[in-house]
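Below, chain A partners chain B and then partners chain C, in two separate complexes.
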Partner chain A sequence: MAQGVIKKEDLYRLLSTAAGKKKVYAPIDGVGGIEFAEIHEQKEITLDYSNSKLSPKSIFFPQREVLCTFADDALEEVQTPKEALIVFGIRPCDALSLTYLDKVFSDSAGRFKDPYYLKRRENAVIISLACKEPRATCFCTSVGGSPSGKEGADILVYELADKLLFESCSDRGQDFMKTASVLFKQAEEDHKTAAKEQAEKAKDGMPVLNLNGLKERVDKVFEDPLWDEITRNCLGCGACTYLCPTCHCFDITDEENRKGEGYRIRTWDSCQYPLFTLHASGHNPRVNKKQRMRQRIMHKYSYTVDNYGDIFCVGCGRCILYCPVNLDIRDMLNTLNKL
Partner chain B sequence: MENPYIPYPVSIDAITIENDAKDLKTFKLTFDREEDLKAFTYMPGQFAEMSVFGKGESPFGIASSPTEEGYLLFTVKRTGTVTKELHNSEPGRKIGVRGPLGNTFPWDRMVGKNIVIVSGGFAFTTLRSAITYMLCKEQRSKFGSITTVYGARDPGELMYKDILKSWEANTNIDLTLTVDRAPDNGWHGRVGLVPNVLKEVNPSSENSIALVCGPPIMIRFTIPVLLELGFNKDDIIISLENRMKCGIGKCGRCNVGSKYVCIDGPVFTYAELEHLPAEY
Partner chain C sequence: MESMEKKIREIAREIFINQKIDFFLGYEEGSVPLKSRPFFIQAKEKTPDGLINRLVWNSFCSNNLAVFLPKFFEHDPRKKPPRIGISVKGCDLRSIVALIKEKQVPRENIVLIGVPCLGMIDKTKVEANFQGLEIIGSEETPEGVLNITTKDGKKHHLKREEFLQEACIECRFPMTEGTDYLIEGKARDPGDGGYARIKAFEDKPPEERWEYFKREISKCIRCNACRQACPTCWCKECFAEQTDLRWIGASIDLSDTMIFHLIRIFHQAGRCVECDACYRACPMGVDLRMFTKKIVQDVDELFSYVPGFSTEDTPPMSTFREEDSDNFISEP
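On to the complex of A and B.
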């Protein structure tokens, strides 16, 4: 493990030096809140945030992506993305979520690899930023994460008073730090102590949800009328699924102009919409919002455990923070687990 | 498959109208590139995505059998954007095929068994594939008796009429055709719903496996009949349909519980389905 300290104001210099030809993504104070964007100078970067509004999944799995193009009845493949990225400032929960998306898009049996997502992931360095103060909606420690978790990160950075402490957690991260080694100062004992204390404090401040036995429980109560009750207020807007860092459902559609030229694109889709599962015959296996919200919860807390061995929730709390009718997934889980 | 989202280029070689309502057409497709034909190895029960560029793609069961070499058959009902465009196409048009996708009927387990086939409506496609496969000279001796009950709303809605005629004359298969309602003249088959006719045909469950494809309502009423006939839950094989996009287990919509119809199915045993939610 490599460690090193830089001054906050030297962050862009460090990232751009180590980047070479890679593009640098970092959190900026955007129009709709904190977002990740390609940056070109230090002053664009903000460190004053608890988390980005949209999850950084869109860097690797964009909301709209061209799969291939066509003209008349002939198809042309597009090149899979070649650009290499350095992504700074992802929170540990979102870094963890990338390891889950990796499982979906790489397929354990290796039969169907998604070249678009995987190409971007292969070429990326993830530098995540440990949380100092979790939000009231955060619950990462209840779902296997931590405010200073390293999973999914190549480097974990701790924000200290006017400095940043870098700690590599993968070979790729170590190589990155080596490339820019002249810019790092040695990490002193008090830096490390401060980082450790900060991590402990962030962890201790978070309420713990007891999700023991949740999977077995939700598997058993699939038909329980309680699902009607806990989903009654849901508007079916799907905001939770768009904001969720592990939601990965998509649609594939064609768009063409009058000359018959166009694209086949994939766009984010949501299990909360009735059209998502509507058969051509008119039959719909998930016809009401109870069934659709149940699908969302079962998918995250049961089906992915069967298929990938993980709960596909990292406790980022976005779905709680931005739900227009204040549905709280923690309450739903608590209620289900007590059934 | 290097990029599993990219279809093989194929050409529509011939189009056959299958029913009186003319909303079912069978498309015979040939591969534009020899190497794609070789790469597309499949077994009955699998499906593929047919693509019309600019309109989209949709999944269809493969109606041809791997023993029918050099081409693929798909029977398509006209319902939406892609299928309407296909129905409006002429032979010679270039389209795309992506696959083969999904699992197959359990061929390893079917060897040495009597095969009972139960089907209704236009879900008969992959069973056309299965029967054609089993009836071919090299395969027939591997299976016991083949008993088939196939039904449609009325005689004009039965598909593959020529092939059905040849099967009726073929002693290697016991074919019973039925319709929900028959016109006054000219119908020599049975009249009645598939589950009821299956009961009348009364196939033995001894050393037998049943393949069931049809609309959800037919499947629901057929299963109790098969159980009553003494079939094990493991030996009732059902092919499911759900809305799909990617066909490769990623886009998230065709799941039934933790199983994806596109990669874990479309073929399931009743024993498996019994433990899954009825979201299909």
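On to the complex of A and C.
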């Protein structure tokens, strides 16, 4: 493991030096809130944020992806993305979520590998930023994460007063640090202790959600009328799923002009929408909000546990913060688990 | 507002006891600061006191509850439509009136409890005041002071009046009319409707307006929260989701997103009650208020119609009069 310290004001210099031909992405204070964007100078970066509004999944799994173009019968594949990225400032929960998306887009048998997502991931260095002060809606520690979790990150950075402590957590991260080694100062004992204390404090301050036995529970209560009650407030808008770092459902449609030229695009989809799982016959197994919200919960807390061994929720709290009716997933889980 | 809250609970209890309703729809305390959330009470026992005591009335009851009603009255021969008691502000009620006229909600199944509205707090205004510092607690005093606790442990005292939603400041109908029960109290003075803001925008050069439209709409992620939060967006199949004849693409291509909003808002002509539920629901902060208000103003000017409290008058889009304005056809 490599360690090193830089001054906050040297962050862009470091990232751009190590980047070479790679593009540098970092959190900026954008028109719609904190977002990840390509940056070209230090002053664009903000470190003053709890988390980005949209999760960083869109960097690797964009909301709109052209899969191929066509004109009449001629089909042309779109080249897989070549650009390489350094993404700085992803929070540990979101870094963890990328490891989940990796499993979805490259199944273990290797039969279905999604070239678009995987190529971008392969070419990216993830530098996550440990959380000093988790938000009141965060619950990462209840779902296997931590405010200083390393999973999914190549480097984990701790924010210490006017400095940043870098700690590599993968070979790729170590290489990155080597490339820019001249810019790092040695990490002193003080720095390491401060980082450790900060991490402990952040973790200890977090509320704990008791999810023991939840999967077994929800598997058993699929038909329980309680689902009606807990989903009554839901508007079926899908904001929760679009903001969620682990939600990954997509749809594929063709868009063409009158001459028959066009493209095939992949766009985000959501279990909350009426077109989701709509069969060609017109039948839809999920026609109401109970069934749709049950799908959202079951998919995250049961089906993915079966399929990948993970709960597909990293406790980022976005769905709690931005739901227009404040339908709180923690409440739903608590209620279900008490059933 | 505490006395109003007490009164709402009393009436809810009374209509449950008299078996006038199967559900009550009001608000309860939310799980995040500055937020009360919709709250359904279903009578499993005759007087569900524990649940009734969770009903609140405060400056955070901004959700337009009318949005939940149409689903209960979708035609289903196996079910008897429920009777629902609901506490309403002026905007909620005007939406319900629109839904009654559009035959989405049967008046006889609804017990309306009117609440004189003092205006609701704009969460984003309060948050902006603290520039990203997390708010961890909020409460209000009867004197109109908003007590806020921030993450750093500090307490702040804000004047409620300075953090109201634009919709409430502009609102022309803060006092409900024609409800079955009316909570005692004074509503805020009616606003002027806010057309001046639209006029000022209309006076800007086209490029500037186009830039504004583009900037706002490019924030949109097509999550549909605006549509789903709107009480009068009740179409069983939205044009945006028709696939047999496709009107717009599924992506966030700017032209698709613009068309989505233009058509959605056009469909609100003569129905939009300026509640701003769409704006509030948007996670991306797309400011839809300029566009919704423009439609309200146009309908007012062209057809002298503003959706109000009467279930008798006919909405302009459902009728034709010889003297109807047609200069938008002849003089584009």
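Everything that follows uses one rule, which is that the second predicted complex is superposed on the first by the 339 of 339 C-alpha atoms of A that agree within 3 Å, B and C clash if a C-alpha of one lies under 4 Å from a C-alpha of the other, contacts with A are read in each partner's own complex, and residues count from 1 in each chain.
Operating definition for what follows: a residue touches a chain if its C-beta (ideal position, glycine included) is under 8 Å from a C-beta of that chain, and two chains touch if they have at least 3 such contacts.
The shown structure was predicted, so the numbers you read here are calculated from the model rather than taken from an experiment.
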Look at where chain B and chain C land on chain A after superposing the complexes, then choose clash or fit.
fit
By the touch definition at the top of the document, which applies to A:70: first (chain B), second (chain C), both, or neither?
first
Mind working out whether A:250 is in touch with chain B, chain C, both or neither, as first, second, both or neither?
first
With chain A as the corner point, what is the angle to chain B and chain C based on their C-alpha centres after superposing, as a multiple of 10 degrees?
90
Tell me which partner A:235 touches in the superposition: chain B (first), chain C (second), both or neither.
second
After superposition on the shared chain, which partner residues are touched by A:325: those of chain B (first), chain C (second), both, or neither?
second
Chain B to chain C: minimum CA distance in the overlay, Å?
6
Doubly contacted residues of chain A, that is, touched by chain B and again by chain C:
251, 253
Chain A residues touching chain C - in the complex, by the definition given at the top:
31-33, 48-50, 53-54, 63-64, 133, 135-137, 229, 232-233, 235-239, 242-243, 251, 253, 255, 265, 267, 270, 273-275, 320-322, 324-328, 330-331
Complex contact set, residues of chain C against chain A
30-32, 35, 37-40, 42, 63, 67-68, 132, 134, 136, 151, 215, 219, 221-225, 227-229, 237-238, 241, 243, 249-253, 277, 280-281, 283-286
Could you list, by residue number, the parts of chain A that touch chain B in their complex?
67-68, 70, 72-75, 77, 80, 104-105, 107, 111-115, 222, 248-254, 256, 260, 262, 264, 266, 269, 271, 276-281, 283, 285-286, 291, 295, 298-299, 302-303, 306-307
Using the touch definition up top, name the residues of chain B that touch chain A in the complex.
1-7, 9, 51-58, 77, 79-80, 83, 93-96, 215-216, 241-243, 245-246, 248-258, 263, 277-280
